[in-house]
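These are the structures in question, set out in turn.
Each of the two complexes below includes chain A, the first together with chain B, the second together with chain C.
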Partner chain A sequence: MIEELSGRDSLIHRLDPRVKIVLVFLFSVLVAVSDRFLVLLSALALGFCIALLARLPVKQLVGRLVPVNLFIVFLWFFLPFTFEGEPLFSVGPLVGTHEGVLYAARISIKSNAIMAVMIALVASTSILTLGHAMYELRIPKKLVHLFFFTYRYIHVIHQEYVRLVSAMKVRGFRPGTNMHTYKSFAHLVGMLLVRSSDRAERVYNAMLCRGFRGNLYSLSTFSLKSYDVISLVFMLAMMLALGVLEWTKMV
Partner chain B sequence: MHISEGVLSPSVLIAGAALTTAGVAVGLKGLDHEEIPSMGILSAAFFVASLVHVPIGPSSVHLILNGLLGLILGWKAFPAILIGLALQALLFQFGGITTLGVNTLNMALPAVICYYVFGWGLRAGTRQVVFTATAFACGACAVLISGVLVGFSLYLTGEAFLPAAKLLVAAHLPVMLIEGVLTAACALFLRRVKPKLLEGQYVPRPSSS
Partner chain C sequence: MDEDGLMIHLEDICFGYPGRPSVLDKLNLSFYGGERMGLMGSNGSGKTTLFHIIMGLLKPSFGRIEIMGRPVKEEKDFREVRKRIGLLFQDADDQLFSPTVLEDVAFGPLNLGKSQDEAKEIAVRALESLGLAGFEDRITHKLSGGEKRLVSLATVLAMEPDVLLLDEPTTGLDEATEERLVDILKGLDVSYILVSHDLDFLKEVTFGITCMSNGTIVRDDERIPHTHIHVHEHGRYAHEHGRKWPHDKG
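== the complex of A and B ==
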């Protein structure tokens, strides 16, 4: 079900995860608030460059971008026609406007640029490392611990789920649009919750036996190297340039 | 329904992030360190449940179950859903960093509302009919409110989104029925098998301390 992309090696992989999180966050915010096409297109190019630098195979990158674009395609069916402005083209009684098309295009570029850097981040860092980095970045400890436990047990509970589904299949269960199907699925979910809560109790007791007192310790430590600082400064400069470009439009 | 990155206006994103931060803060305040392992495991169970696809006519929908989540976790639905969505963004790239706040709010706020509105009907000792009806209403309303909130987020971004927003809410209606039925059946199952789960085992009781 869940495949992690990380595990190769590249310039991006060697970057400090904290730096990566901060940069991806700033980049996303910058792109989300920008409006100028020049800025957005440069950001898109920058995003794809970073994704390629992370040695992500193009096929995987595109494959991961497809689900992101489903919502965007949905919006393309509406926005060109619902925006008021100069008519550009018409489909039957509907008139597509110039402004509407531009708006939809802007959203498409923004979305893909942000997702490209996001994919580069995930592709170059394991989820557990991201958790530790979030802790270092002062995200509340409880939240980070919750993140760890949820991530850890998604795999376990998914296996449980697969087991329950095979048990249903063995007994000849065929899903369809009927009450029996819905009831069966409801009981499946219920069983999943019951087993998870039982497991939670066992896990917690086992942790108590091993001296758990609400702390998790990380074996890896992060340190900023000169390479990290150079990358950070370089990326910040790029983003500052994009920000200035966006700002000059307004004045 | 997740709203993709880059769609919403900055003011909607900021408002969503601020409200979610507040909700998560309330949720975390009521969360003891000792409860974190069990909370994490339950959140993981809901994460897996949301991957279940249920057939409806020729197509299928995936479960949301935020009504049930609200009933079981109360305000802790906020951190649970935040983590769930963050993991979905990291693992499958559904949504991203800037929309995390709005998307969490759209899913978690209905859960908390349902906890307050319908929680009473699901305690021990309620009659079977009342119990079933409340659980159905809880599941259905949670999805309805979520749909309306998603539509509202789009509408606040620009009036041009109105038709798309209306269609999104309409698309939530059949899902609403299914979620209602499933929540009711699931709650009945839990009542027979493990009633403790529905009785606020994971919800802090302010009077107890």
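== the complex of A and C ==
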């Protein structure tokens, strides 16, 4: 899990988690609503700069971006052909349009830019701290829980998966194209769901036993330092510039 | 709260998992402050289930539970119970959930309303007392099985409970660590119920051993006939005892 990197130190790690959350949120909204390529590409560059500033190993960063981009590749198979507009190319009876390609390109850039800052955020802040910071920002408790437990349970599922796969491997399982493989995989998926939900319940029980009442606390106190304020102002200025760029396109 | 009062009192507790025969059947238990009770019982006899019932994680279908003199029924009551009684889970993987060891151990104290500095201090002290100094920044799920056990114990001790429920604390510990655990347990100022299959360990760290079978607690003073199996030289070869070997004289 990427939060393992949260114990490291970097400019981004040292930033107040509340500032990080606010900035990531504003950045994501800005990127999501922008259309102009100049703006999107700048945002993408900015996103990667932030991820690098968080001293994320490039390999890790790319590794996390792969699943998102697999999904995007999938979109590229559909979007160019489903948009009305100027024909650009054709594959058999299917006609790819100029607009469709642009739309797909926008989505690709937007997703990568947003993912980059999200990864930087999660990799530079421990999950409990993040939860605590969200409370401080007056985000509703239910949402914070949803976030926290989704994150936790993804982790649980992953751990169970690793365990099950090793259990199969040590007994000589080698995937192939036969009934035994399909059956084993079906069992794997079934067991994964059952075991993860059991485990999740037990972990939750263990939390209850240690006095968990729905509040997440952090070991660190948050205090806005001048460094945080400077970063906040700087990033807001950058985003404002991007926003102006986007807006001037329309007028 | 008086030290030697009745800490845990269970009366006619019945419990069964859905669709299965009952696990606990009219179980009675009285546990007093200052006591150190060993609990034995075959696999599947319901020891873990009993602990979970005491902590309010499972609800009995019948029976009364009194903790520290107060009847407990609802989740709200059990929240108070969990501040006074600490449960060490049988599986350490269930217990640890924070990324780093320090955060995990400090989780309990923070929930109890301790300040960050206090919580940190308590956590560090709990780790130190278990010989885990320097483990603070380790990633919990990357610890070895035995290390996870000890860190789990630290998370429970950090709650500074009056009573500990320890579900097989020695599984996965090497001899040296087990000995350390014996010393730690002997030095602790808490009462506990300890589940283990290791009779020698139980004898060392508890004042009395209680057995569970058929869903109830078998009274201590009852004598149960049993056979021993022991390790034996040359056990692999069939032989009779008392037979004279040819070269034996007399």
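Side notes on the structure shown:
The rule is short, and it goes like this: the second predicted complex is superposed on the first by the 167 of 251 C-alpha atoms of A that agree within 3 Å, B and C clash if a C-alpha of one lies under 4 Å from a C-alpha of the other, contacts with A are read in each partner's own complex, and residues count from 1 in each chain.
Methods note: a contact is a pair of C-beta atoms (placed from the backbone, for glycine too) under 8 Å apart; a residue touches a chain by one contact, two chains touch by 3 or more.
Bear in mind the structure is a predicted one, so any value in this text is a computation, not a measurement.
Contacts of A:Arg210 after superposition: chain C is touched, whereas chain B is not reached. In the superposition on chain A, A:Ile127 contacts both chain B and chain C. Legend: residue contacts after superposition of the two complexes on their common chain; A:Gly176 is shown touching chain B, with no touch to chain C. Touched residues of chain A, counted separately for chain B and chain C, are more numerous for B. Touch criterion not met for A:Phe222: it reaches neither chain B nor chain C.
In the superposed model, A:Arg199 lies in contact with both chain B and chain C. Residue contacts after overlaying the shared chain place A:Gly100 against chain B, while chain C stays out of touching range.
When both complexes are overlaid on chain A, the residue A:Arg152 reaches chain B and chain C alike. Using the contact criterion defined above for the overlaid structures, shared-chain residue A:Val24 touches chain B, although it does not reach chain C. Once the two complexes are laid over each other on the shared chain, residue contacts for A:Trp76 go to neither chain B nor chain C.
Across the superposed pair, chain B and chain C both touch chain A at residues 1, 4, 127, 152, 199, 203, 207, 213.
On the side of chain B, the complex with chain A involves touching residues 2-8, 10, 13, 24, 28, 31, 33-34, 36-45, 47-49, 51-52, 54-57, 63, 65, 72, 79-80, 82-84, 86-87, 89-94, 96-98, 158, 160-164, 167, 178, 181-186, 189-190, 193-194, 197, 201.
Those residues of chain A lying in contact with chain C across their complex are 1, 3-4, 6-7, 126-128, 152, 159, 199, 202-203, 205-213, 215, 217-221. Within the complex formed with chain A, the residues of chain C that make contact are 52, 55, 57, 79, 82-83, 86-87, 89, 91, 93-95, 97-100, 102-103, 106-108, 110-112, 116, 119-120, 137, 139, 141, 155-156, 159.
On chain A, the positions that touch chain B within their shared complex are 1-2, 4, 24-25, 28-29, 31-33, 64-65, 67-68, 71-72, 74-75, 77-79, 82-84, 100, 103, 106-111, 113-115, 118-119, 122, 127, 130, 140, 142-143, 145-154, 156-158, 160-161, 175-177, 179, 181-183, 185-194, 196-197, 199-201, 203-204, 207, 213-214.
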